[in-house]
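Paired with subunit B in one complex and with subunit C in the other, subunit A is shared by the two complexes that follow.
Moving on to the complex of A and B:
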């Protein structure tokens, strides 16, 4: 069906690249509105304390200060999906991010200075920073909204899942291994720091927000709830975003605070984080402790997995608390496994709260799972590549959780990286001397066709063609740098025969664009792409009618190419813009416009978390080679072989960009990134001490797309965005363990950790 | 007393003049003014970013007499009499792209784009650097940086989106274009 595609599958640069490379893209960080004020937030000095008093008198009087607000000045609802997060804290603070007061002033300097004039009297408390401590019987309740839920324990969210007969599977197991893994807190470090500009119009009582949210319609609803407003009185405009990676899935207190300052002053207000504030107050990946027991029978078939996860929720709940949705998938359905039992707890502590981050729990789950596979293979004396291939998922499989693998490239991905890395030929890697070499494997499974976790997983599109032959796509989906605009434009170009420079994508205004859930779950190309194809089909019916009439032929004879509609039979053609003009201007008159709403035919999971939650599933495998310097503990990631089931390559250039960027984030997770906390305080809030990787650190990435052509995806494509970083840390850890013949149960594998392990020659 | 002194000194304005993207400009600044703020806030050129403001990320890179500097740490007063090029000045006056920008576009080296201005100017600076080396009489062979040199040169430019591969590809293409 895809034989002669003119646009799809070709390496077109991003259609919005020119504005980004000339400095003309206006990011939220660049916005200036007339009469705009600058907001700043006073955060607590202690991670856990009672607030005895707040004195804002000196700050309010300082010249240039227009408004100072505390919890006493506002009438608002809590935020977060559990509604357990007060926007401004009253009476107590529970983590180092906590917002106590906010200032709007004529300049950012004045606003920041005014913060220093606010006097807060605290009664400092000990605080609880360890989730196991927080669950003890005598532990005080950290978040009072947890009262009367879960027996008055510090529990935010609990999940249980199981399939298969655990006891029977244990009985047939030849090996059974248990481990505890400890995964760190890392953060997105988007280069563009968090920002918002709010403009409340006092006369018509409408609120305009320039926000970086990646879920504008959910955000509109949430902020309306927080501010006790009507959602339709709030318009969200999404300026260009300086990186997302999941960090803009939740709404955070600074956003309604900025709106409140604007409501109070009737002037536009902007809040822009400094890098330090970004480190302290923007979300993190879920840190967790994973207890896992796995088994395999004597021929290496996986038998069961038993998992118990302790997640440090921090003081409030974010979407990140629902990462077990994704982790359950990995544990229950990545490789075939007879039985699985999964439990997780998200526990309130006085640490900062974690949000969602590309991969959404999957890097953690995959790390534990893939480490265990190596351990089992070792014990059974089975080759670590062979055991993976043997247990790989297959097309047609329905997993214990009820996921339907209508297409499945898992095995092909594994076989590709095994052969491309020449693993079978390089059995004798250097395991002696200063520099030791190792190779590690890991796979991953992730949703590839959206995820039905809200009432709708749909996306709307309106498409129109103007009388000059230009096409405008108004899509519910959002662009956060991932290239969705370009992919949509390519689809329209392909179907309508319009060149890319004549296609515009409108996607940043809730007053204009149709409903969409938002950017998450690697869903945009799949869901927005299908939605667009639906709209195009309707539009083409209209165009066909007119063109067939003019060309005196029938629909099936029409072909859209290079701005023309051709009749093959008649050997005639007509310009597309002419057809549109004929539609518009000759009676009865009709617009060249069409709308379509696409809802994937996936299902909600039942109460047991079973069901076919996505329209498609993506698979990948990575083989990674490392060199470890045993004198310094430095790990050099040399080669990454990655094969990924992408369904169909829509744009190889953008696809490679997603793969490479994701992998490097995964390498950082494996070897260098960690937010260090001491009693709830962040010790490394800057790029000097929180190491993201640089151009010098990159491995050679060898990418092999696997095309399984999923009939549900646009042109056969599946979601790709999150997958590349998911198996990376697992494969690196496996490679390092292989190189040193040691075991690691913690990330990141810093030189220090490596040296300690070497010195003690025991597992850490 | 100390504070008073400092305030008075802070208030004292200094007049500087320099060339900004090929145009002679003047500004009255405090001695403490940072070049990045002068560019963004006074001259309203928002293409230069300030992602960390502590010399760690390179998003604020501009060219000072063809040499890349972190404008977030650079005292504006030291720009007096110099040539400053920002991303807006890299773009040609008719709006067409410099070869470095074109290479970034064609090689997919910009995703969210927040690092891109800094990256583009750093690459441009590398070009100038090699031009200078090759023009200096001491060397007869033509030097061009290899991939490793490019990586080393770009170490100060953080990018969270691309994984750098495409950025290095773009730099290679732009440099070969000589």
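Moving on to the complex of A and C:
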């Protein structure tokens, strides 16, 4: 299948690149509908308070204000997967994002001004901002909708996993090390701020939403539940999305609020976040405190891992509470390990709630895991590279959790970055003087073939060829900038011999496109790619029949190239569009159209969280060189060597984009990004003090794809999107510890933290 | 956000008329707006007028000119113009480096030197370099007369200058290097988390001139983001006079750094603690004497 590929594996630019760079792409923020109103949301002034009264009279009377709503004006259900989140808050507020009222007005300025006219009387409460405090008996109940299924009122979610004989494995361990790691709250900083435009048609009672969701079909269901509507009366259109990274997996209150304003006014309403609002009210990565104990025997074989994680759930539950699904994979199955015991708690507090974010818990887990490996290697006197190679995962392995590694490039990834970084040659790095150099390693394991966590992990595709020879792919999958449209077009081009400029990808309308679970879990190229290949196979059967008839040959002889179907044997060919016209217009008449639904042959995990949850697994290793300035504490990330098992390179240009972007997010997580809170309030809701890195900070990235050709993936490809970010912070921390011969247990490694460590000399 | 009306005089003469006409009204000057708009976004001021300096055509107000005793830089000169000026690059590396370290190309293309000074931020990078260079400010009054003030005296506190509300900063004067100076050791050290779009957590500007015997004959050092205003560290400068940059002992470096740090009275804020600022200031002060002078 892989020989002589004309499109696959070639560096085609994104098919939407021109639109994006010339500014003609229509993002949600650009939409203007006739007669549209502008919505704005009043959020609480205090993170924890009782609401004594809300007076909207002055706001309602203000010229240009069309509607003001509070919880009293709406009949809705709670949102979030635990249904513990009221859309508009009544009686009390529990985090600084809380929505109290919303305004629809003729202009955005009027809407914002009207918010200042709403008078709210609060009875301020202390609030609880530390999850350990929230678990105490005398702590007040934070979320009154909590299920209370565990033995503590403020416990939102609990996970337990284990495999192997922990005691036996401890007994054979030569080293056992325990640490507590503290991982910060960071956010996605999508270029496009959150936005929604809602249009409720009073006549047919149908709701049209222009939404940047990553999961349009789940979203349709969720918003219908929230608004007590029929899902089929809601149509979701995804405009060009200005960044997702997981932030648009949950539905948030502003979305049904916008719909409610439209339902109330009968006019289209748009809500756009300002950057400050984006920082305050859009989701974050989960902050975590990870207690971990790990062991290895005297030859350096990993024996066991025991993990206990405290997650600050914030006031409401988002998908972020389920990140242990992914963390359990890393802890149980990254490197071979005889026994693993994992516990995590998500605890309600009056902090903001976290959502999902590229890597979904894996960067945190990998950080803890990879730091421990360095500590164990040091103690055992084993080389840090060698110990990793020794324990690397292997093809054919079935892990303690039941993951099947039918292909596995882990070892090759490690060996690649070890050799490319010339690690063995650079042992004599500068460890004295002002500038100190260090190198650190980390690996990662992530799902690479979807993840079966809903009833279906499938994706539908309809493909058609029009009478002019143009191909239209209608896919259930969504594009959030990652380039899946382009990869799908390349697959169709490859299989049907149609040039890229003649292929259109339709993927943005729930009334048109077939079901798909959404863009997450690095799944789109794998799942939507396979789905498309299935549809193409059916379509080709139809085309073959007609072409073979016209060319007077049999199917096996037909080849699709440059807009033609060729018969090799007969030495004849016919234009593809002509075949399509023949199909359409000559009796009995048939459409050149086919549909296919692909469901990966992965499994739901059982009650013990065991089972082969993905169709394929991706591996990666990174070796990172840093220079630390001991005068200022600044860390300069110099070189990042990254080898990633991608199965097969579908498009090297787009792949490099994922790798580089992911690594930069990882560097930010490691050294500069952190949302700073004081008693539930965000102190740095701006790019001035929330420091994402800039073009000038980019390290040299040396990327080496590893191709393991997974037969389940399209052309052998696996998911790649989340992987590049996952091991980066771990590798950087390992490199900094190496450079300074000091230990760090929290991120980010800000210059000040480095200086404190140097001053206090907290050596290992 | 404050709403404002904007008035754009085209000449200095028109500028005077506009200022006079505004009289006691609430008005501000606008140059590159990179500070002003951020400030106005955070508050609501009633009936604000902005007198836009960006359209004023006046060659003294916008360009860089060499005079007999030094360099004249118009207040409306953009930071990018400073970066690309060869004389500045050659004679006053500290100014070149401070300008290059400011924000990003986009911001440098609109931000002005006058705006950097008049904002009077303790972390103003270009201002810090100018203090180390003993620059002076030429202030223009509505009656058309001017007065010269040393830049050190110009800063009264964070966001406070000695400009009267109807006065405009017109030009900046940088005295030329000493005739007997044969080499300058000059640079700008900016401490922050990232390489661009960074506001100095602490900064140090130095401009040290040596004669042909490698003896230091004049030294200018200033520290930024370490006290309510940018400080000229006079005793550290005096400390260096007559020393030779080569072969400075460890203890002299320490003594020098101590002489710099006494001028620091930093605050703790989101970006760094006072402790960090002092600690790092001490280290980077020492580093000034560690590099080989050119």
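One rule holds in what follows: the second predicted complex is superposed on the first by the 759 of 764 C-alpha atoms of A that agree within 3 Å, B and C clash if a C-alpha of one lies under 4 Å from a C-alpha of the other, contacts with A are read in each partner's own complex, and residues count from 1 in each chain.
The working rule: a residue touches a chain if its C-beta (ideal position, glycine included) is under 8 Å from a C-beta of that chain, and two chains touch if they have at least 3 such contacts.
All figures in this text were calculated on a predicted structure; none of them were measured in a lab.
> Touching A:480, do we find subunit B (first), subunit C (second), both, or neither?
first
> Can A:676 be said to touch subunit B (first), subunit C (second), both, or neither?
second
> Is A:691 contacted by the first partner subunit B, the second partner subunit C, both or neither?
A:691 contacts subunit C only, not subunit B.
> First (subunit B), second (subunit C), both or neither: which does A:14 touch?
first
> Classify the contacts of A:515 with the two partner chains as first (subunit B alone), second (subunit C alone), both, or neither.
neither
> Could you look at A:275 and tell me whether it touches subunit B, subunit C, both or neither (first, second, both, neither)?
After superposition on chain A, A:275 lies in contact with subunit B alone.
> Is A:434 in contact with subunit B, with subunit C, with both, or with neither (first, second, both, neither)?
second
> Considering only touches as defined above, state whether A:634 meets subunit B (first), subunit C (second), both or neither.
A:634 contacts subunit C only, not subunit B.
> Between subunit B and subunit C, point out the one touching more subunit A residues.
Between subunit B and subunit C, B touches the greater number of residues in subunit A.
> So in the superposed three-chain picture, is A:132 touching just subunit B, just subunit C, both, or none of them (first/second/both/neither)?
neither
> For subunit A, give the residues common to its interface with subunit B and its interface with subunit C.
687-688, 694-696
> In their complex, what parts of subunit B are in touch with subunit A?
Against subunit A, subunit B makes touches at 45-49, 51-54, 56-57, 59, 86-88, 90-91, 97, 101, 104-108, 110-117, 120, 150-152, 154-168.
> Applying the document's contact rule, which stretches of subunit C touch subunit A when the two form their complex?
On the subunit C side, the touching residues are 104, 191, 193-197, 199, 201, 270-273, 276, 279-280, 283-284, 286-287, 290.
> Contact residues on subunit A for subunit B in the complex?
Residues 11, 13-14, 17-18, 20-27, 29-30, 188-193, 240-245, 274-275, 480-483, 653-654, 656-657, 659-665, 686-688, 692, 694-696, 698, 701 of subunit A touch subunit B in their complex.
> Considering the complex alone, what residue numbers of subunit A touch subunit C?
Within the complex, subunit A touches subunit C at residues 434, 630-634, 671-672, 676, 683-684, 687-689, 691, 693-697, 750-752, 755, 759.
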